[in-house]
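Shown next, in structure tokens, is the structure this report addresses.
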Amino acid sequence: MKKFTLLGTGLIGQFYTMSLHSQRRQDLVYNVFSTHREKAKDFAAKWKIPRFTDNMQEAIEDPETDVVIVALPNYLHKEAILMACKAGKAVLCTKPLALNGDEAREILEEVEKAGIFHGYLEDLAYTPKTLKAIEIVKSGSCGRILWTKSREAHPGPHSAWFWDKKLSGGGALVDLGCHCIEIGRSFIGKDVKPLEVMCWADTQVKPIDAEDHAIALIKYETGAISQIEVSWNFRGGMDLRDEVSGTEGTIRLDHWLRTGFEVFTSGATDKYVSEKAESDAGWLFPVGDEVHSLGYPDMFTDMLDSLENNMEPKETFYDGYVVNAIIDACYKSAATKQWEPVDLFEWRGKEGLHSGVDQVDYDEKHFLIKKEKMPDGKTKLMLKEKLTGKIVQKVID
Amino acid sequence: MKKFTLLGTGLIGQFYTMSLHSQRRQDLVYNVFSTHREKAKDFAAKWKIPRFTDNMQEAIEDPETDVVIVALPNYLHKEAILMACKAGKAVLCTKPLALNGDEAREILEEVEKAGIFHGYLEDLAYTPKTLKAIEIVKSGSCGRILWTKSREAHPGPHSAWFWDKKLSGGGALVDLGCHCIEIGRSFIGKDVKPLEVMCWADTQVKPIDAEDHAIALIKYETGAISQIEVSWNFRGGMDLRDEVSGTEGTIRLDHWLRTGFEVFTSGATDKYVSEKAESDAGWLFPVGDEVHSLGYPDMFTDMLDSLENNMEPKETFYDGYVVNAIIDACYKSAATKQWEPVDLFEWRGKEGLHSGVDQVDYDEKHFLIKKEKMPDGKTKLMLKEKLTGKIVQKVID
Amino acid sequence: MKKFTLLGTGLIGQFYTMSLHSQRRQDLVYNVFSTHREKAKDFAAKWKIPRFTDNMQEAIEDPETDVVIVALPNYLHKEAILMACKAGKAVLCTKPLALNGDEAREILEEVEKAGIFHGYLEDLAYTPKTLKAIEIVKSGSCGRILWTKSREAHPGPHSAWFWDKKLSGGGALVDLGCHCIEIGRSFIGKDVKPLEVMCWADTQVKPIDAEDHAIALIKYETGAISQIEVSWNFRGGMDLRDEVSGTEGTIRLDHWLRTGFEVFTSGATDKYVSEKAESDAGWLFPVGDEVHSLGYPDMFTDMLDSLENNMEPKETFYDGYVVNAIIDACYKSAATKQWEPVDLFEWRGKEGLHSGVDQVDYDEKHFLIKKEKMPDGKTKLMLKEKLTGKIVQKVID
Amino acid sequence: MKKFTLLGTGLIGQFYTMSLHSQRRQDLVYNVFSTHREKAKDFAAKWKIPRFTDNMQEAIEDPETDVVIVALPNYLHKEAILMACKAGKAVLCTKPLALNGDEAREILEEVEKAGIFHGYLEDLAYTPKTLKAIEIVKSGSCGRILWTKSREAHPGPHSAWFWDKKLSGGGALVDLGCHCIEIGRSFIGKDVKPLEVMCWADTQVKPIDAEDHAIALIKYETGAISQIEVSWNFRGGMDLRDEVSGTEGTIRLDHWLRTGFEVFTSGATDKYVSEKAESDAGWLFPVGDEVHSLGYPDMFTDMLDSLENNMEPKETFYDGYVVNAIIDACYKSAATKQWEPVDLFEWRGKEGLHSGVDQVDYDEKHFLIKKEKMPDGKTKLMLKEKLTGKIVQKVID
């Protein structure tokens, strides 16, 4: 059983607390901090948290708590984590880790110097569907991974600081892209090196300085491409989908809008059916258990089991750093309009992985391109002559 | 924190233990019983359960445990529950409660006489989708409930005793229909009286005495119809869907086959992608978190929170009794080929509820049948003349 | 190339004409009749039809036309068809054929006596999905058919006469059930005899004499059950789904609400996105090509190709008669609250078909109940001892 | 009624003929050409085509035919079209128009010089879902279009010449990308100028010179981005999906894999359930009417109605030219690894369209960023101070 200091009482702090305090879990938010004392007090009352404070240092140094959870706006992560380093206390930080790669690197070096446990709260790498899909990919059922797509789009965030890139580090790319990047890494292999990035980012709708829509391609050393699509301009709720394409299989995940839960209502009552639905009448698509669908319970289970067993959790600050470095490359590419390398001060995964085609011999003289069973029961082969490169087709029984 | 005695090490015992021992929950299976000592031992080892035994009475009377979970074949429920009554210990029993209504009534009367806490482990009334859908229905978003459909179908159960109706009480109706009946009650209102039942049941495929396929309609006092469809002959995995139709809305739930998780695999590996899939290649539809999708975690949370707070859980043995009584009426109807009344020794819900049409006045002379907005922006009305009963249509701007 | 006399200018007449006059088809509506001359005139102008009239006999006897299409309210079918018999002209009649089985039999006997070509315009037996699904069933891919479900539900019809059972023959059962019954027959085999019927029908919402909601089970000689669900109380658009369950396979069809076409709109414009959607904002589910999805083009192709080739179309007035006879049995069952036989004056299909279980030998001493591949690669068998009836399980490598 | 000369007897020639000769259409393939006389003969016999030949010029100049359909491999389009120019005959050409933009321009200039009717057979711009979706977009229901995605992926083409880029002009980009580009143009507006392109293309799996996988972003003058995803490495059938995102709405289309038709089969028969399914057991997803779902009937209807009415069809050779020019830019970008301009010798659409944010005033001092109804019924506003650029939030009743 672990006790937490929670820093921050916004939406994400609520989701964390809801996840930890439900389903008879043994762990407990014990002290909550907000710069607004009143908010801290209300939050503590609502969630039955024994202590609250508007003094961040005091919250972090609370001798009763084992772990600090940083659920603050992005520009405050570093300050909070450095305090946790000083206090020698395990720290979990919400996504993204930092405003940019340099800051993320600094944070990473500090927690490693301090020798404290650190977990990166990338919940979408922990959704039940994602966990099972990663297992399927690892079993080889999809073959070699060629492409992943991760899409997160909604009509924009709920707090003012998100919209100000000085406080958040950027727009939809920082807010949503950090999820998508880490989901892609999880499928392609977190030990596979990201090499370079091509990104388009634009401010299409909202009167802000940051981008409200972006698309990026991240190329990995195996040749796999991880595609990310993020938008604050999407209409219709929250679009949260992933796809994986491999030489032997395909995966499609929908986490939010089409999960086997469909409701039509004439709007007879004023009550909200579903909170992120943009509508309270017509066809609505609620999610059964929101925090579970978003991965929070499984994420905290991994974090705390790892902490108790002196192991690394699946997501560490190193992962947070890699994500920030990839986002940096995205912004650079959006500006230079060309592919930009991912600049990592240190790579902790595999090196020198092979990319490209594995040629399959059909016979001495031919490579196999494609084999296809036809309606009449025969098999059609597409072959390439090794000598001439000529492509020929052949039908066999 | 509660400690359990678990009776039974079959599939359902595994699901219960998996649910209780995951996600850092505070409660614990502490003693496990099987008639086969070896099975109890292996089960205890696998799930890190401190004690095991092949003596049921000893397991039930273990002074360290607070709650007995009955996860035994149907014909053993009564014996186990009566022992728990004697031990004065809280008892949770898997579905169905008993072999038939009479036995269920006897069990109910015994636990009430003994004054012990009793919970009916109807997990499908607790799936996250079902809980949220019930909330939506209670909010009025669907209006007055007219019809529910609950469908559970798969290729048949995994243990021999299920197939022998002397040991199980029946076939697919008992095994799967108990779920469907309680889901229907949950949407229509558990305080609404079930009046009568029409049921078709047949043995279409399997060489057994019990039915392998059945369909029933249950009529409630409000006029609502609860339709249930159960089969052990279904091909393609497990079909687990519910629908609700009301005067103001519609709900559709898919718990298993189409939940936003789709995988295609060429069958490149021998590994199982999904256990109930009937196939290990082609398009497969795994579920992210099986126990969660089936409602186990939320069910145990309700049971144990209720126990600690001296409250009734959502599902009690009285509910189990009502379900058994409805199944009895189904079997009777299947034999007599006509509607049969549901015979309840005692009704604890509402009485004298209204059924039938609520006539809506359009004006002094007409009732409103239907109002429809047309493509040209006008409104078309279907009206009934109060005096003559004649139906007329009218278009207004 | 054929020329038509069209009787009736309502919604169904429009759908027929739209289907025949689109996609550069060679056939043509040449004369249109309505009791309201003005309507006939407008309809002719809209669809470029050379002639119009308010004289039905004149329309039918038009020497320029080859085929009469009856698209009139149900109570007028007989009169129109008898006129066509007199004129010796091929006749196609919309569904249902007649107000009841007796009238349908009379119509059938008259057209057969007159020796004219007759086609029953049951479009939903001709939707592209249904045609392909029937082909799949006939190929044996689903094995022996055990159950079909056909569901048609929407918020009620658009013309006053539908709501008056003296003019229509009944309520939702007549209006929608006729479709569902014929879809079930198409999957089970139109040469398989319907034996008996169990039906629930109620007036739950609308202030009318006819039923606005009904469910029926039709038992066929093979033991197959055809389930039909019809409602005029459904909210959310038009629910048009079929399912088939066989010993080797399963089919699910959605013709309208979930066909791979999804739109969200904030409601920025006043324009209709989709006509049967009950809403012009939020998530809407239009259909690409409505008449095609509903089977009209393929239906007319079969009718006219059959006429030209002197063959019977897939759907004749005999089929219309069988459907009316089944509906009669439904109403009887709804009143007597028990299964009622289907009363057919003549059965033109197969007789003496086998129903029930095909026992499969596992070895000399056992029947096979179920065979299942387990996650560990072993095979689990459920067996029944021939001598004792005892059920045992066995695991083999 | 029109008569056709069909050049080519491959898969696409079959699809065209199947579309034209079904559903009692009035037009007719009258002469068919193949370089292999035997193939022409068999094709003519199969489809009841009066004439066949292995002399292309003779086929084109057949005085009985009105229109030439070019259904030949890409490298033969130009030769055939120039012959049609000489013969002064209307010509329809399959996609892509040419091997590259220069060849396409030459073709376009020749047909315009010859003054013949020309139609570009881009069937996927004519699917019933696409046609209705374009109508929805044009009605304004989705607001200003920000992004489109078109995805076409399958395990690779069926004829050898496709795999040889000298004969086809390229790989998946040419084969599938031409569809996706034109679908994007159709939603964004065919009169909106494509400005520049960013493309990734790689040969990941197949031992060929051309790319087997590519992703491109095409930027239009309005700022809209059209994303295309094409692959010959996809597993699981044919993935054919489009998405549209606008300021007021969202559209999702699935043309092939999830259209409301689902079949599970144990594989009891050897028969093919669905041809492009990569599997003949397990869950399969057939399409009801393949040619209709792919847009062929609606495409030929537009082409022939336009021809008869002396109008331009929706898709002309100019459109084919624009698509080829965009593909050229894609290849260039894949090589230079940066955005490349789309080089058009002549732009026939609108010029000088506005791109970027439309700032919405909230009051004198603020722009509106976002407005959101909250669960408690209040409204939350995100505002930007005009003077300072500071972002503030405000909650009103």
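Order of writing sets the labels: A, B, C and D. Residues in every chain begin at 1.
The rule is simple: a contact is a pair of C-beta atoms (placed from the backbone, for glycine too) under 8 Å apart; a residue touches a chain by one contact, two chains touch by 3 or more.
Predicted, not measured: the structure shown is a model, and the values here were computed from it.
Shared contact partners of subunit B and subunit D, listed by label, are A, C. For the pairs A-C and C-D, the larger set of C-beta contacts lies at C-D.
At the interface between subunit A and subunit B, two copies of one sequence, more than half of the residue numbers in use are shared by both copies.
Look at where the CA atoms of subunit B average out and do the same for subunit C: the two points lie 33 Å apart. The distance from the centre of subunit C to the centre of subunit D, each centre being the mean of the chain's C-alpha atoms, comes to 36 Å.
Centroid to centroid, with C-alpha atoms defining each point, subunit A and subunit C lie 49 Å apart. Among the residues of subunit D, those in touch with two or more other chains are 142-143, 235-236, 248-250, 264-266. In terms of inter-chain touching, the protein chains here all touch one another pairwise. Per the touch definition, subunit D reaches subunit B in the complex via residues 235-237, 264-266, 278-279, 281-285.
Across the interface of their complex, subunit D is touched by residues 142-143, 146-147, 149, 153, 155-156, 158-161, 163-164, 198, 200, 202-209, 213, 215, 217, 219, 223, 225, 227, 229, 231, 233-236, 239, 245-250, 270, 272, 275, 280, 336-339, 356-360, 367-370, 372-373, 375, 377, 380, 382, 384, 389-393 of subunit A.
If you check the complex, the residues on subunit A that touch subunit B are 1, 22-27, 127-133, 136, 139-143, 248-255, 258-266, 268-269, 271, 273, 286-289, 292, 297-298, 300-301, 304-305.
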